[in-house]
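One structure below.
Think of it as A, B, C, D, E and F in the order they're written, each chain with its own count starting at 1.
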Amino acid sequence: MPLYVERRPERLITGEGVRTDGRLPYEMRPIKMMVGVLERADGSAFVEWGGNRILAAVFGPREVHPKHMTLPDRALIRARYNMAPFSTPERRRPGPDRRSIELSKVIREALKPAIFVENYPGAVIDIFVEVLRSDAGTRVAGINAASLALASAGVAMRGLVAACSIGRVGEFIVVDPNHDEDMWGDSDMPMAMMMESEEITLLQADGTLTEDEFKQALELGRKAIRFVYEVQKEALKRPYQLVERGVGRLS
Amino acid sequence: MPLYVERRPERLITGEGVRTDGRLPYEMRPIKMMVGVLERADGSAFVEWGGNRILAAVFGPREVHPKHMTLPDRALIRARYNMAPFSTPERRRPGPDRRSIELSKVIREALKPAIFVENYPGAVIDIFVEVLRSDAGTRVAGINAASLALASAGVAMRGLVAACSIGRVGEFIVVDPNHDEDMWGDSDMPMAMMMESEEITLLQADGTLTEDEFKQALELGRKAIRFVYEVQKEALKRPYQLVERGVGRLS
Amino acid sequence: MPLYVERRPERLITGEGVRTDGRLPYEMRPIKMMVGVLERADGSAFVEWGGNRILAAVFGPREVHPKHMTLPDRALIRARYNMAPFSTPERRRPGPDRRSIELSKVIREALKPAIFVENYPGAVIDIFVEVLRSDAGTRVAGINAASLALASAGVAMRGLVAACSIGRVGEFIVVDPNHDEDMWGDSDMPMAMMMESEEITLLQADGTLTEDEFKQALELGRKAIRFVYEVQKEALKRPYQLVERGVGRLS
Amino acid sequence: MMFDQEILTHNLMKEYIRDLIEKGQRLDGRGLYDYRPIEVLSGTFTKAEGESWLRLGETQVLVGVKADLGEPFPDTPDKGVFVSNVELLPVASPTFEPGPPDEGAIELARIVDRAIRSADAIDLSSLVISPGKLVYMLFLDMYVLDYDGNLEDSLTLASLIALGRTEIPEVELKENGELEVRETKRRLELRDIPINFTFVKIGNRMLLDPTKEEEGVCDASITIAINGEGKVCSIQKKHGTFKMDEILNMMSVARAKWSELAEIVRGAI
Amino acid sequence: MMFDQEILTHNLMKEYIRDLIEKGQRLDGRGLYDYRPIEVLSGTFTKAEGESWLRLGETQVLVGVKADLGEPFPDTPDKGVFVSNVELLPVASPTFEPGPPDEGAIELARIVDRAIRSADAIDLSSLVISPGKLVYMLFLDMYVLDYDGNLEDSLTLASLIALGRTEIPEVELKENGELEVRETKRRLELRDIPINFTFVKIGNRMLLDPTKEEEGVCDASITIAINGEGKVCSIQKKHGTFKMDEILNMMSVARAKWSELAEIVRGAI
Amino acid sequence: MMFDQEILTHNLMKEYIRDLIEKGQRLDGRGLYDYRPIEVLSGTFTKAEGESWLRLGETQVLVGVKADLGEPFPDTPDKGVFVSNVELLPVASPTFEPGPPDEGAIELARIVDRAIRSADAIDLSSLVISPGKLVYMLFLDMYVLDYDGNLEDSLTLASLIALGRTEIPEVELKENGELEVRETKRRLELRDIPINFTFVKIGNRMLLDPTKEEEGVCDASITIAINGEGKVCSIQKKHGTFKMDEILNMMSVARAKWSELAEIVRGAI
């Protein structure tokens, strides 16, 4: 018997493109990032993004356990995306479900291309993404945090991976969908890129997009990811400090 | 809430021995067998028997994994009997239950005596029986399919194992019980034999049989198994072709 | 839908300290112990204590399986506390629950200090406590049985571990709480000691105790444990025989 | 695993046992068709509605029957629920490990269960309180405490005794739908005594009631249940192969032995 | 594991395949954007309400749609329940092991499921019998029988065919609350045909419908679903990276191929 | 495992720590009965009804209290449900692995839970909406983020703060049986402040608030809960042994320290 019942807002966006949280289609939610929040992990980062609170930690390169999973010529990369029981309005039972198993896989595949795995033969790098509070876009927020954690762990990387979601609400293509848009919007397209090379390392989509809408979404995604990337770079330069951005308007 | 409710037929057999599917006590359901239906398995076979559809595949002899199960002086034989979720009127949840765990064991023990296990020290032979559609007698149909799959994988064998069930419906001993007889009949006795040596490799019974009934059932079983064995031999000779038998009357 | 509903007795103790089973605060329930009830185990013991029936068995020192748990310089000690499905008024589902996992840990830690673990480098000693019938105080009864089983297995020990619970019912500190006191009493404090050195190897408490009550309980526990210890010693001297004590009054 | 020929008995012992049996002798001096001594311990060891602690040689089992209330299965609204479960406790053998029942334990439970059901030894329709809604559920929990072979027969005997001793609290379903559990108890009626007989084949000899060592060296094994009318009510061939005439011979032996074992069950109830 | 570049194809074969593809050729002679032959077997293989056994080259899948009755999810009281599940049977590959679905099987199920849901191919509100209380539950069980690459597209095609063939028993909820299952059946309407197109990148070439070997040597892989209106209705990049223009190119190829595959689905229903 | 002496701290470090402590000194300069600095972070980190992120030295824990509605347990129809759970997140230590709570996590949860229950710190009967039918369920989820010893005390402190901060939506059970969740919230009352004090014995010295290294070298460890009236309300000896007088001494220390820690809890609520 839930104490919290979600209700669809009367409208998700006005004719002028004002969204349920007051943002315009090309505006991003406030972001805060901090590198180095944990003492035991080899690297860690904390990301606030809208109402999301995400903790990422990296252990390794270290010995693989169980041993039979060792890869002789490169590092094994493992990732786990996990939602805390108190991260959602209704309490979630601990343990992986099908969604989190899929997200663990796509997060691993979003980050692996950025790692020089051949530098660490026989080792494992473990990436943990802990969602403490969820508010739409946890996987992209988690990739941003995990990418910082990898870098702060000193893992050799081709570049930082930055990520953002693009949504469609009626005829509007919107950046960084909020909770309402995530629940009742028409499409959702999480993306991640290595910004230096503009290589896409995560791309998923849900809901329908025409060819034009898709192109528009892809382009907007690129801009949003560049925006996030700049915040990441600053956070890496100033470990143990909270780097903040208010609502960000993309050009 | 099931969409399908089973109802017991008014009578399972007439005074003249006519069964609910029109067969007489000593008549078998139509059988089709085909060897070599799968590309990746080392050996495979498909069996239609009445409404049953059974797929069997064999992998090996190959390396044992996990290694600590290796037997130094002979092959390890493993068997898995598995029912597809769509094999029954009501959807079955995937995964083993107590019945399928027991059947996996008796199927393994029905086939193992036929394999020259000492020819493959340290190796494993994996036998998979997949029930795609079930209609009474899946274990014996599965043994027939698996025996063909073993032979087609080139595993050295003492002989083919053939199998059939015998039932009792009131005072009638009947061959190859159908679904109604399996559900509401008085006894069920699945049997398997290596026909060349007439050694029994599977024998189970459920429900009661007098001494005479049991002897009669055993003898009828032997005849039915010989019938099946002939079909098997033909299927082995003509791989990739469907070998068919209509309703078979045993003498 | 339970067949058995527990009801709290109108009062747990009279003003004169008479308990629901007729005992006075310092009286213990009847105890029977027998060493050597099982044939396969390296050591075993059976304990009746009030309505409790506990079987303990020890295997080892033997090789550790799985191997990666081996400790190079001493024995690995494992303990399992398990309640039989028929040990409680309502049937219990087999398998560990959170309570039995905790009790397995505290039992292991109650016994380990008594074992010369450094005598058996690389080996494991497995301790199994099976509760066949439960009637308050199963963990302390289990420790008593397991300690006997260890000794009868010939494991080198600093001394026997003996155990008893102390309870509080209103203003009375009582020894060896019964089922009613366990369910509805005010405090429960299981204890175990190595009697020779008077070292405490188990101490837990639940419910509140003032400083004075706690001291009183600790002292009463020591006496009760000494009482139990004497029974244990006799049982060890006379294996395969049931050593009995009626209601025991502590001075 | 222990039900399989994979058990490792030392090779020398294996040969010795086989040689003896070729001469018609057993390590413990028994005849080929003799059971080891069967003892039913007296005392209360569980909180079950019916129980029995039985020794067959050095094999020890403890069986408890617990009753509960619940809904019947949808396809048998007019029958109580009867569930059988075997636990091979790690105390019973150095080779048993804690954990959920493996294939050996599951097969054992089904062998005992099948004999009891096929013989209609328990009248499941007598366990109905309100058809389709409320029935007694009987849980037959079989605990293996000490393993020296032939769990099939020892568990079956102990189960029959425990069932025969079972007394369950009477309940009344009142008109207002409330349930009253009474102080009085009713005895479960054991309508038949289906006995399981486990044989192993060593060389060309058939042996009844195998020990752990005999199970370890045997070429084939089978369990046959015979009921009070001399009917077969369940068979489970385990590993190895048998000829038809071997099976018919064992069945005759089993039939002849039925009274001896049924007497033990009856005497213990 | 098989969806990952971790697969070990022999190194020589890997080089050979890559060299060929650099020249725009494939091991089996296909064009880069050609599918292998697709065959839908005729016959009844399951007890499902709708089924399809499909071969794509040497990949074989069997999909069954089972209907059941149940309660809707609390947050969608006016929709039926639709559940997708993939089993990578151990018969399909020496590298598949029995057990619950791993991340590969779960991702596959979600790829098929997402395409069907995004395109609204099934009208879930037509599956309601009594809002908030009783709905049809459809279970799409996808069985992989033989694995030679591109399970994404083969499972999607087989699923669409099985759904299009599905006939479910009609039921009536009577006024007294009782449920009557009728003899008559209703056909499930397939409202759209969302096709998944799986590409792999090898060097700088994009290939459609990869074989197991091509999956094993590829640098990146992606699955794109296109519906009947030419809209993207789901994307799943798997391992590796793509450039934006590469994705736009693959999308054009997929759009152009839609009719060819939709025709196969329509023809088989 | 980490609660056991099995932890491998390098032997030299072990000796060094032990030598220091023999002299009454600790590696970080603290007195034997001093706690490390305790910090309660400000901010909103969860969606819980009450939460607290607490640092004890380099140990970090995050505790959330979620409320839900449900049925009470049959044997306590007039009490709400209170469930405690500890997750040793793999981010907290290289030795923690993902998966269900192991014995260490379960013991931790029970240590915190037992202190709170024994002290009646939460009035469970105030959580009843309709006796026997509907109650609030409180889930105390304790997340270990960074492990540097003494999880017992840090989790207890953070749990008390989170509980003290908890505000749950008010609900009304209407006459027609419908449930209305109101906008207004009620504060959970924390009726007592039972503090857990964890000591380890090294040589013959007792130390309060052990670090990971001190846990690793200690000879014995124990957790004692003291409530606002100075009563013991829970004890858990973990590994090793203690003498009776050692326990009485630690209890006096704990009693004397209670106000200091209770003040931190009160200050943070």
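One rule holds for everything that comes next: a contact is a pair of C-beta atoms (placed from the backbone, for glycine too) under 8 Å apart; a residue touches a chain by one contact, two chains touch by 3 or more.
Predicted model only: the values in this text are computed from it and were never measured.
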Handout entry: Path length in steps (a step moves to a chain that is touched) from chain D to chain E
Key = 2
Problem - Required steps from chain B to chain D (each step between touching chains, minimum) - result: 1
Problem - Maximum centroid distance from chain F, chain identifier (CA atoms) - result: B
Problem - Reference chain C; chain at largest CA-centroid distance - result: E
Problem - Separation of chain A from chain F, taking each centre as the mean of its C-alpha atoms, in whole Å - result: 32
Exercise for the section: Express in whole angstrom the distance between the two chain centres, defined as the mean CA positions of chain A and chain E. Expected result: 27
Exercise for the section: Spell out, as numbers or ranges, the residues of chain B touching 2 or more other chains. Expected result: 2
Exercise for the section: Return the residues of chain D touching two or more other chains; collapse runs of consecutive numbers into ranges. Expected result: none
Exercise for the section: Draw the chains as points, connect those that touch, then say whether the picture is a line, ring, star, complete or other. Expected result: ring
Handout entry: Starting from chain A, with chain E taken as the next chain, the full ring order
Key = A, E, B, D, C, F
Problem - Contact footprint of chain C on chain F as seen in their complex - result: 6, 74-75, 101, 103, 106-107, 109-110, 114, 118-119, 222, 227, 229-244, 247-248, 251, 255
Handout entry: Residues of chain C that touch chain D when the two form their complex
Key = 1-5, 38-41, 44, 53, 55, 57, 59, 62, 80, 82, 84-91, 94-95, 126, 128, 130, 132-134
Handout entry: Residue ranges of chain A in contact with chain E within the complex
Key = 2, 6, 71, 98, 101-102, 104-106, 109, 112-113, 187, 189, 194, 197-211, 214-215, 218, 222
Fill in the blank from the handout: The chain F residues in contact with chain A across the complex are 44-48, 51, 58, 60, 62, 64-70, 85, 87, 89-94, 98, 100, 134, 139, 141, 143, 145-148, 168-169, 171, 179, 181
